[in-house]
Amino acid sequence: MVINLGGRKSDMVLLDENGIRCDGRKVNETRKVTIKAGVLKNASGSAYIEFGGNKILAGVFGPRDVHPKHMSNPDTGILRVRYHMEPFSVGERKNPAPSRREIEISKVIKEALEPAVMLEKFPRTAVDVFLEILQADGGTRCAALDAASVALADAGIPMRDLVCACASGKAGDALILDVNNEEDQAGQADMPIGYMPNLGKITLLQLDGVLTPDEFNKCIELGVEGCKKVYEIQKNALREKYFSKGD
Amino acid sequence: MVINLGGRKSDMVLLDENGIRCDGRKVNETRKVTIKAGVLKNASGSAYIEFGGNKILAGVFGPRDVHPKHMSNPDTGILRVRYHMEPFSVGERKNPAPSRREIEISKVIKEALEPAVMLEKFPRTAVDVFLEILQADGGTRCAALDAASVALADAGIPMRDLVCACASGKAGDALILDVNNEEDQAGQADMPIGYMPNLGKITLLQLDGVLTPDEFNKCIELGVEGCKKVYEIQKNALREKYFSKGD
Amino acid sequence: MVINLGGRKSDMVLLDENGIRCDGRKVNETRKVTIKAGVLKNASGSAYIEFGGNKILAGVFGPRDVHPKHMSNPDTGILRVRYHMEPFSVGERKNPAPSRREIEISKVIKEALEPAVMLEKFPRTAVDVFLEILQADGGTRCAALDAASVALADAGIPMRDLVCACASGKAGDALILDVNNEEDQAGQADMPIGYMPNLGKITLLQLDGVLTPDEFNKCIELGVEGCKKVYEIQKNALREKYFSKGD
Amino acid sequence: MTDFSIIDKLKRSKILDLLQEGKRIDGRALDEHRTLDVVTGVIPHANGSARVRLGDTEVVAGVKIQPDRPFPDTGDRGIFICTAEILPLAHPSAETGPPQPPVIELARVVDRGIRESGMIDLSQCVLEENKSVIGIFSDNVVTDHDGNLFDTCSYASVAAIMTSKMPKWEMKDDKPVLVEGEEGDTPITTIPVSVTMGRIGEFILADPNIDEWACLDARITITTNSDGNIVALQKGGKDGFTYEQIVKCSEISISSGAKIREIIKKAVGETQ
Amino acid sequence: MTDFSIIDKLKRSKILDLLQEGKRIDGRALDEHRTLDVVTGVIPHANGSARVRLGDTEVVAGVKIQPDRPFPDTGDRGIFICTAEILPLAHPSAETGPPQPPVIELARVVDRGIRESGMIDLSQCVLEENKSVIGIFSDNVVTDHDGNLFDTCSYASVAAIMTSKMPKWEMKDDKPVLVEGEEGDTPITTIPVSVTMGRIGEFILADPNIDEWACLDARITITTNSDGNIVALQKGGKDGFTYEQIVKCSEISISSGAKIREIIKKAVGETQ
Amino acid sequence: MTDFSIIDKLKRSKILDLLQEGKRIDGRALDEHRTLDVVTGVIPHANGSARVRLGDTEVVAGVKIQPDRPFPDTGDRGIFICTAEILPLAHPSAETGPPQPPVIELARVVDRGIRESGMIDLSQCVLEENKSVIGIFSDNVVTDHDGNLFDTCSYASVAAIMTSKMPKWEMKDDKPVLVEGEEGDTPITTIPVSVTMGRIGEFILADPNIDEWACLDARITITTNSDGNIVALQKGGKDGFTYEQIVKCSEISISSGAKIREIIKKAVGETQ
């Protein structure tokens, strides 16, 4: 069956005859991920992630007072998230004004983190998460969400679980894990996933592209596997900061 | 005498040798007007008007609290009016940002409605009138004002009178009633009038174009006649909503 | 020694063989300066300055209440300064939106005036200084600062001293006083100076261009001399307003 | 886990009680949309238009088709842009002023559902490659807000696009010039249908109305094309879904989407 | 019927008492403007300029003339744009920041009065049809605000335009190039004069000052051209006018307009 | 004369006490900068980049080089623009939203220091005169704020520019087309170094940290070039300087500037 490719172009060879992707990875392989916790002096918590070519800094402040006061909630704390790209983070210099894309991603990441953060312990206050994309290379929202979780934990904010994130998708007619920039641009589908392993909950999920129902189910399963791999790296980053000194 | 045509061009034939206008009307004839009251579920009051090719929705909320509070008036209620064109309402797609023209028309319509609304009965509150131009075809401000009056009455806001509105003007050297889009663009004068028949007061009046003093007086008289015709249609719309069910 | 000219072009003859500048002045001569105090009815204090081709109006309001209140300071008054160019003040019509340049100059002038104004006498209030550039001809920030001082004094605001201002700079390899528009565009250096003669304090100082350390020191000395000449004209303007009627 | 106002908490407890008896507050089945009413051609001056009521939520969509410059990296395709605005008369809580994040998300989700389905063949919308292309703007305005704006806007835009007529332009002196009196159909390849569902506790509700919407734990919008494949998805809300819940939602989106696609096709056919 | 602050109510009662004796607070006749002082050429770097005082209201207008692209639908005419701004030093109540509706109305009414009169023959302001035209920008800034900004801005712009000199440009390589040293008169066809009147109770007052302005029931601005015809009108304020009152206002606008036109002509001639 | 908050007053008195004993709170000499750490090439996708830490203040600068249209009056030179932004994660007091005056001043002072030095030979950045030039954008983002952003941003941009590689473009059909695989050095003529000093009472402190910064009477930033000449200066703060104090500052800026220039050169050389 020929699948309608939807609104996408696909004239680039994204998968060779041996099932190897344009950056040399296998279909179920993620790019290299390194995370470092506690990289900033002034933020209450922080983390730096390199996820393939993505380079992202996360900083957390709070719980702190909310101004103006009527924005606060007497029953619970609120979470505020800003996802922001530096002008030099993408191919052509990005206009510094916040784009509608950045505003939407900020909202989506906020909603992915909310189930994990015990905001009810901090009524009337706000926890602010600032995500700075220093270099973008496909999959920034997942990588930013990964860094945000670690920075929240580094800030000592009580959490039910870390949220780990990784995209799956489809390119060259194969389901693939961790979609890179070329695969996002020229591939068939991109599905970013955010996941809380202990609670088994998917808290971020988006899809652009065309998938059959069967592919859809498999794609989620593949993405969740990727999330779990990132989860180990997140935990190591926190272990490294808090226990390595005691070695 | 040749009259200075002012800033306007007039190379289109707007009136034929039989005194018939470009859309088939006689000089003192209005376009077809239909008004329906109470068309929206959520608004306190609403009306939909078709005035020739104009299609306009009016919605009213209030009296309701004013935020921020210092904008309220302890002696009287305040009226707020927003005239707004949809992107698809005009020939070339309209930029969604509010134009200076829309801001001025909002003010002019607000001041046309204020003498009719008994705002002094609702100190510290606001009555909001939202006018949405779904399709524009010359004379939107008059048609919007007509719909606003009916929506205010439908919301049960106490009023001294309905404000009815219709433009008069000049095209093809003749004074004409209810200026359409072509006549506004290529004609000699356009004079929107808003009128309260019971009190005999003109509450909206603007003029663009060139008129002799004598034409000026006749043009107002002609416009007021048009307003009175619209007034009957407004009253019918309210009757239809509030008494037709009891038939 | 050939000096690196920095980011500037200098192909215009700004100084002839007799040491005469492009507008006929000698190197240590200022343009004609006239100041009139008390030129506006509504402002608490005002001044109009013509400094060469610069035409600038200064108006002062206050001390007055600050809105919103949290912007006020319980320990002292605050000074607010707006430097603003009219659309017709420069060669090509200026876009009316405030430019980053205007915002920076407003801040620099504010900080130049603060040491002179006894703000501690008016806690919780604001003194507003509005500087309107009607015509710009090189050196507007100095001329605006000169007018601001006179307008503040005209408003009866207690001051430690007047701030007087004049630029010095370098053009045609000579150090020059009071840099005009051509010299600013095509010269080698421009150094605006604001000075309080009684206290011997330099409160505004900027430099664009290239100067050797020795030239730098001489340039400041030259500029301070210019400031002192302007100071006399400022005092005369105030004398004229407050004592001429008693003649 | 999620937090709501007192009123919303009471609403939620009432709605949950009913759900445990297998009922919704307005009597619908859990996977049932409200009555869908589609009228096309309501803005004759636009190139295509529709007024859609889904229960008491109403949206007017207008399509404008006009020459435009292509995006720098896609000079071989036309432009498609879909917007959404909640008019202040749609609800007492609606605000004027710059669009807030929820409205930006609404517009972008509706846009992506249509764009990613490849509904319009944009390769047929080129006047001169890299220079001049046809731009198709579908603007949605919400006139009455009773919940689930995602689907209502999506259906309105899809109906407006399906009934739109595309004018003809010719390039003359490097500029597009309108060929009067000639127009063709907009090149449609598939009909995308979005289905929005909410989760309250363990229950998945299709097309939540405004009262249900106020107390959702999480929501999901899944768009399918005429082939029954999934072309776009957006999860929202303060909590998550299990894998099983998402698979269930995808199944509802395919079955309900097919029914709604037939309603839209019928409505569009009737007025064409 | 209209509402005012306590201070304005006291002012209004005082003003009304005087009016009933046939007097205004500053001693003028009801249809009399304040003293009008027009000085042109005050901004030598601009192409035309004027400073106008009407009583204690003062406005500076500067005209800039420069090549521009024509509006898409009027490629055979130059561009004329007139703006107005109340500088914050003009009055303690004046505000910085984006223009509020009253200032937008002010600018648009002043602009339309001049534009609709056809004062400038814009068909003579074309460098190359549909490509390059001459733009004429008249920017008004209010420096002292004592009421009736409509007329003061209008007179300032009219005087600045009448004394403006138009540079010459030639098209070279598709671009307008300035011809140094050559300039001509701006093509003027008529002199529009606006007359603003306010109603307090039954009384019509020409050129209300700021105290009268604060307690008007309604106001009207009528612009006439050199032929004594009416070219633009704007009603404002919280109440209306009867037909008879408007006819009376139109008569005042013609008679007072003629007198003011002579003052402007004289002032302009003296400095030319 | 200047006013501070209670906390800042206590800080100031503590700092002044130490200064009278010849000491700074962090043990530095009065004319000594904090430790400067420069790493280049941190953003491989940019044309040049650097991460600079000055004490605990950290800035990342990225340089983008791309074709642009020249400014109308300088068609024979490329474009250089330098910006600065304090990211909200840099300090609890940092704000999102439009830049406030202090950040605008920061960006403009850093920009002018580099621009006025003529660091980049912009006459070598022209593709076709008056039509197409090379634009060089150096964007600084502050990631940790511990005082003296002026110098930290300046060093970051200078290091990023020094290590930037310039792609090649050829004009084809009036448009610049990238020549793949070819790039050259950005044409550098001199290395500008800014030195920021603050005054507290009679004491002049180089590179004030955030605690010192909060209680300065006045500050001054002086930029020198490789020849040891002064190319830009900005005084800031609520009070002034005497002539003697300024001369002293200029001497520090030359001597400290020379040392810092060597550190930057070494850091840049190591990674090149």
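Order of writing sets the chain letters: A, B, C, D, E and F. Residues in each chain are counted from 1.
Convention: a contact is a pair of C-beta atoms (placed from the backbone, for glycine too) under 8 Å apart; a residue touches a chain by one contact, two chains touch by 3 or more.
Source: prediction; values computed, not measured.
Chains touching both subunit D and subunit F: A. Using the contact threshold fixed earlier, the set of chains in contact with both subunit A and subunit D is empty. At the far end from subunit D, in terms of centres built from Cα atoms, lies C. The chain pair C-F and the chain pair A-F differ in C-beta contact count, and the higher one is C-F. Centres computed as Cα averages put subunit B at a distance of 26 Å from subunit E. Note: centroid distance subunit A to subunit C, computed from Cα atoms, is 52 Å.
With each centre defined as the average position of its C-alpha atoms, the distance from subunit E to subunit F rounds to 48 Å.
Around the ring, proceeding from subunit B in the sense that reaches subunit E first, the chains are ordered B, E, C, F, A, D. Across the interface of their complex, subunit E is touched by residues 40-43, 46, 53, 55, 57-61, 64, 82, 84, 86-93, 96, 128, 130, 132, 134-135, 137 of subunit C. Across the complex, subunit A meets subunit D through its residues 3-8, 73, 75-76, 100-101, 103-104, 106-108, 111-112, 114-115, 119-120, 191, 196, 199-213, 216-217, 220-221, 224. Subunit F contributes residues 1-3, 101-102, 104-105, 107-108, 112, 115-119, 122, 189-190, 220, 225-243, 246-247, 250-251, 254 to its touches with subunit C in the complex.
Of all residues in subunit D, those touching subunit B in their complex are 42-46, 49, 56, 58, 60, 62-64, 66, 83, 85, 87-92, 96, 137, 139, 141, 143-146.
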